[in-house]
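Input: structures, listed below.
The following pair of complexes shares a single chain, chain A, combined with chain B in the former and chain C in the latter.
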Partner chain A sequence: MSNRLTALQKVLLSFLLLAFIGPFLPLALASVSFRWGWPDLLPSIWWWEKREAARLPLAWDYVLDPVSRLLPALQNTVLIAALVTVIALVLSIPAARILARQKFRGKNAAELYFALPLIVPEIATGIGMFLIFLQFGVQGSLFTVVLAHLVPILPYMIRMLTSVYQELDGGMLDQADLLGASKMQRFRYVELPLILPGILAASLFSVLISTNVFLLTFYMGQGQVETLATLLFAKVSSGGALDPVAAAFTLIITLPGIFFLGLTARSLKDDVFAGGLDKG
Partner chain B sequence: MSGLRLQNGVTVFDGGGQIGPVSLDIPDGQMMALLGPSGSGKTTTLRMIAGLAPLQSGQLYFGAREVTALSGQARNVGMVFQNYGLFPHMTAEENITFGLRMKGQPKSEQREHLAWILEMTRLGGLEKRFPKELSGGQKQRVALARTLITEPDVLLLDEPLSSLDANLREDMALFIKDLQREFNITTIFVTHDQEEAMMLADQVTVMADGAVLQQGLPPEIFDRPLSAKVAEFMGAANIFTGRIQGINLQTPFGNFEALNTEGAEAGKGTLWMVRPEHIRLFREGDKGPGAVIKSARYHGGFIQYEIEAHGFVLKTRQNSDVSFQQGEHVSFQIAPQHFWSFPEQDH
Partner chain C sequence: MKNRTSFSLSVIAGAMLAGTALQSAFAADANTENFRQEFLNGKLSWEDVEKRAREEGTVNWFHWGGSEELNAWIERHVVPKMKEKGITLKTTRIAGTREAVDLVLTEKQAGKGPGEGTVDMIWLNGDNFYTLATQKALFGSFADKLPKSVNFEFDPKVPASQLNLSDFGTPTEAREMPWSGEQYVCYFDTSRLTREKAPKDFAGLEKWLGDNPGRFTYVKPPHYIGNTFVQTVLYAHNPKGNGFKEFQRPLSSFSAEEFAALIKPGFDYLKRIEGNLLGGGKAVYPQNQAANQSLYNNGEVDFACEFGLYLVASKRESGAFSETTETLAFPASGMIKNKNFLAIPENAPNPAAALVLANIMSTVELQISKLQEIGYPLGVDLSKLTDADKAKAADAAPSHHGVSAEELGSLAVADTNASLVKVIEKVWIAYIERQSQKPFTEIVKDAMKAN
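Entry: the complex of A and B
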């Protein structure tokens, strides 16, 4: 096998890269523009040309100014994503374990049942949950947002971890038993390290979904819980197309995902995985 | 250390099938081969002894200790899986000391044990390698070391040689045999290869369709199989229907003088066998019944001929110093003691 790409493969790869980076280019340009109207290929007036003259902070100046409320929104986004992911993992790991390894009556029905939230539109779930929370008077808190985010995330999480568990060699666990490991030791030293790559991948999905969910955040948060998604939505719906601030927010909203992706990619590298985990 | 006795062990497996009742009896420190075709229930029997498949009925004893109701862990049994089951995220050393670490043995004792087992299994210098950096034979030795270091009463090996290259098999077989003798540990290993079973085992148990067909010493199983099924599984025996008439045995390929008539009833057709190596061929046409060479296959030390006599094809095995051509007319002899009548006639 050759490690060189053929000319055709290079062209295809370039297209692929372009397709992934493509959407980011106009965003990056728009975020540093002052005026960018049709049919100009590039902004006609740049942000820095107007920076001194403007009375209000523009573009990135606005974004980084406390008035944009970026920092609290970013904090909320990260906190919610982290809470949702941890809770989803705690609920999904045992569920996936059973679904993958045990046979029981109604297993198919259970699997379908866990996938149901994916079929119901988010807006219906959102309104329904809102009405329930309203009755209990707990609407508009971080906690209700976290609960709401679990709705679209749990189905994915359970599904991904189930296939992770299906791949896991059961003989390895039997072996740990026979060698004298207790159930907790078996989980800590054998099972967890073996499913860790799957857990990281599922967590990545969870973080991505959580940072991007607008409707549920909006309903449950009651405007009291601001995340990057609600902040962005407010900007996009109030301003014209490709408002520099909205463009900047869009770029920032991708940061938690990219950060987590970088983190997991490092841990998933073979040598780190093989060498760094079990030092118990 | 202790012997092993399984009495009428029955277990069920996922598909709803049943294995057993299986009875095994292995004296202390001996090695038994569980021999049978795939799907005969060998591995399930092993899992039953290891506590991985629950005993639905029957009793299991390690020495005088009844372990029927105990978990695999409490039985103190070691098992090496067919794919070795090494933990991929641990080094060879971490794999080997796993059992000691889980028990919380002091580090200094762990090191002592490790040094000792590394020497026994000739793994020195490979401690820091991960399983993916080890060859098949090395993985096998790490798996053996990992199990033996916990000092189990009984050692179970599932197809220990099947994943190895042909040229490594014999070395590994001898290595396992030596190790087993040195530890003097009661051992059962599963195999579908009768040569492997003969080479390694003190005793052989032949299984088929979830039941034991015969248990005995290798020569017993080989020369005096209870049934045609066992004989077929033990290699290329010639099996035929014979009839005792006076002092003669009437066979489809001629009349012979025969001993070993225990399973046979005079005048009634019963199943018999004669092994290929017990048929002697002669170039001269007058030493016995005549036959024609149908095919010849060279096997290294010997040649395998198929001969046809009265329309019946017999497999024979001859030294390679005299060779016959296809189509050549020969005569053959079978000594009376080499006819074997199966005590169990169901076929």
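Entry: the complex of A and C
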């Protein structure tokens, strides 16, 4: 088979690229504009033309100034996403393992139960948790936000890892047993490398969900924990035009996701399967 | 305070208020409650308050955070001033003031008394204040007990005191500190519309819309910007001829028939102009002031109205409005003016620090800086300032662009009583938006009942 793309494939590929990158172009332009009104195709006055004259920081000057609180929000977002993902993995791997491999009474019910958070609206979960925490006198903090994010993330995580385990060839594990591997060795050297691509994919999901959840973050943080999502929401919820600052925030909020996507894409490209077996 | 109707869940707050199952047994923080009583009863000196404020160390201020100019001004001017007093000012930028009000009420409902809440201060006015007042969730009458109270007219015999003593018809009783003032104004682009041709009153607007169909619209009630436009129309069409005055009465003093007769001419006017509003027969009402500004900037409407005496100046400076945008004094029948305030919730965790913040915000220095840097009008009353400060304030004020302060001042009228606003917005939704065919009195009756 030839590696050259046909004309149709090229057209489709460019279309796909356009669909992915296209929306970012007006954002990038808006973020460096001073005035960009209809019917101008490009901003009529650019941000840098007015920078010096402005009394208060404009566009990127505002975004990068400590007053915008971008850095703490970015730190919170990354920290929360990382914590949520690690905790979710620790909880989901054993659950997925059992659901995929064992047959037991009430298994269907358990699966349905794990999927429930997907059915219950986020707002109901958020208010419910908020009231419970309030009753116990727990203040809004990073910790409460992490707990809240686990609610929508765990069902996805368990689902994805369950199907990963279902596709895992049990014979491989039996073979490790036969060759005298301990349970830990078997998990570390055989099972983990085999499910690693699945874990990465599930983690990607977890990070993407966590960075984008607004309602739960707002409620469980009691408005005190600022993340990129709450920052952007406070900025754009007043509606109307996409001003330079909102555009810049929107560009930045995509960064954690893009970064992690790049990271997982790289890891998935390496031959984790063979690499893992080699170490054994 | 800008965005009073926010996405944030007033519905849920209502549900939570209804649920009493969560009344748990938190004892109020005795020490803080003691402080509150002593301060409100005038037993503490200002030094005592400042000392306690230093011990508290922080103050949490919740304010509408949608304006970069305001955020930057607070960070550069207010934070350092509080630092000098040994207090860290932490601001929470909310999308709508309702969020902070809901938080306070939810906490109160969960049994969090004085000293046990999260919010020390909220920037608000109108129905948010009304809600906190009716739920008895306010700290108390503090505003007349601060050293800088001298900058405000609180004497009910002086007419200027009205804006400080009444917030949309709710008596403030010094439970909130005036912080800034606003007036409903319109803005237009002189490159698209000349000042001579621009409408001056509602009759003029109707005629102008006939010649220029689709070139104007107003923000959709129940957003407060839209409500205010409707109120202005009702004032102008008041059949009793006493304009805004009739609308200062509380709802309880009206029968449905009387109120229907009062607002019918105004609503008929709104119905008449609807076909000529933006949208080519099917009127388009923007959701909020930002959406309205977009319509204006994109050339879809020729002028638009919202609160903002210095809006044109600050938007020209930030690039949002063109250099040909000017202020329009419309309508000649009266432009609604009000103040907005700083309130301390009953369960504020750092009430002494909040009092210090309220005091600092009322200094002539910060008031003038706020006016000069970001175009937020004075909350303090000019009549109470020294001549030197008056001159400074006059120098600091940005231009209104095209109209004089005197002209705008002469057209200012009071806001509508908060209890009427809710009924008016419900009538608008039924009569204009849903095109209810019921007799008008029935619509008004339903709206009053639902209240």
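The rule is simple: the second predicted complex is superposed on the first by the 265 of 280 C-alpha atoms of A that agree within 3 Å, B and C clash if a C-alpha of one lies under 4 Å from a C-alpha of the other, contacts with A are read in each partner's own complex, and residues count from 1 in each chain.
The rule is simple: a residue touches a chain if its C-beta (ideal position, glycine included) is under 8 Å from a C-beta of that chain, and two chains touch if they have at least 3 such contacts.
Quantities reported herein were computed from a predicted structural model and do not represent experimental measurements.
Q: Quick check on the superposed pair: does A:Leu131 touch chain B, chain C, both, or neither? Answer first, second, both or neither.
A: A:Leu131 sits against chain C, while chain B stays out of touch.
Q: In the superposed arrangement, does A:Phe233 touch chain B (first), chain C (second), both or neither?
A: second
Q: For the three-chain arrangement built by superposition, which of chain B and chain C touches the greater number of chain A residues?
A: After superposition, C is the partner touching more of chain A.
Q: Answer with first, second, both or neither: which of chain B and chain C does A:Gly171 touch in the superposed model?
A: In the superposition, A:Gly171 touches chain B alone.
Q: Is A:Ser182 contacted by the first partner chain B, the second partner chain C, both or neither?
A: first
Q: For A:Pro66, using the defined touch cut-off, is the partner it touches chain B, chain C, both, or neither? Pick first, second, both or neither.
A: Second partner only.
Q: Touching chain B and also chain C: which chain A residues?
A: Comparing the two interfaces on chain A, one with chain B and one with chain C, no residues are shared.
Q: Give every residue of chain A touching chain B within the complex, in rising order.
A: 103, 169, 171-172, 174-182, 185, 189-190, 193-194, 273-274, 277-278, 280
Q: Tell me, which parts of chain A touch chain C in their complex?
A: Result: residues 33-35, 37-39, 45, 50, 54-58, 62, 65-68, 123, 127, 130-131, 134-135, 137, 139-140, 218, 222-224, 233-235, 237-241, 243-245 of chain A touch chain C.
Q: What residues on chain C touch chain A, complex-wise?
A: Its residues touching chain A are 2-3, 6-7, 9, 12, 15-16, 22, 24, 26, 62, 65-66, 68-69, 71-73, 75-76, 92-96, 99-100, 103, 106-107, 110, 112, 118, 286-294, 297-300, 317-320, 322, 373-374.
Q: Sort out for me which residues of chain B touch chain A in the complex.
A: 14, 50-52, 71-73, 77-79, 81, 83, 85, 87-90, 94, 98-99, 101-103, 130, 132, 146-147, 150
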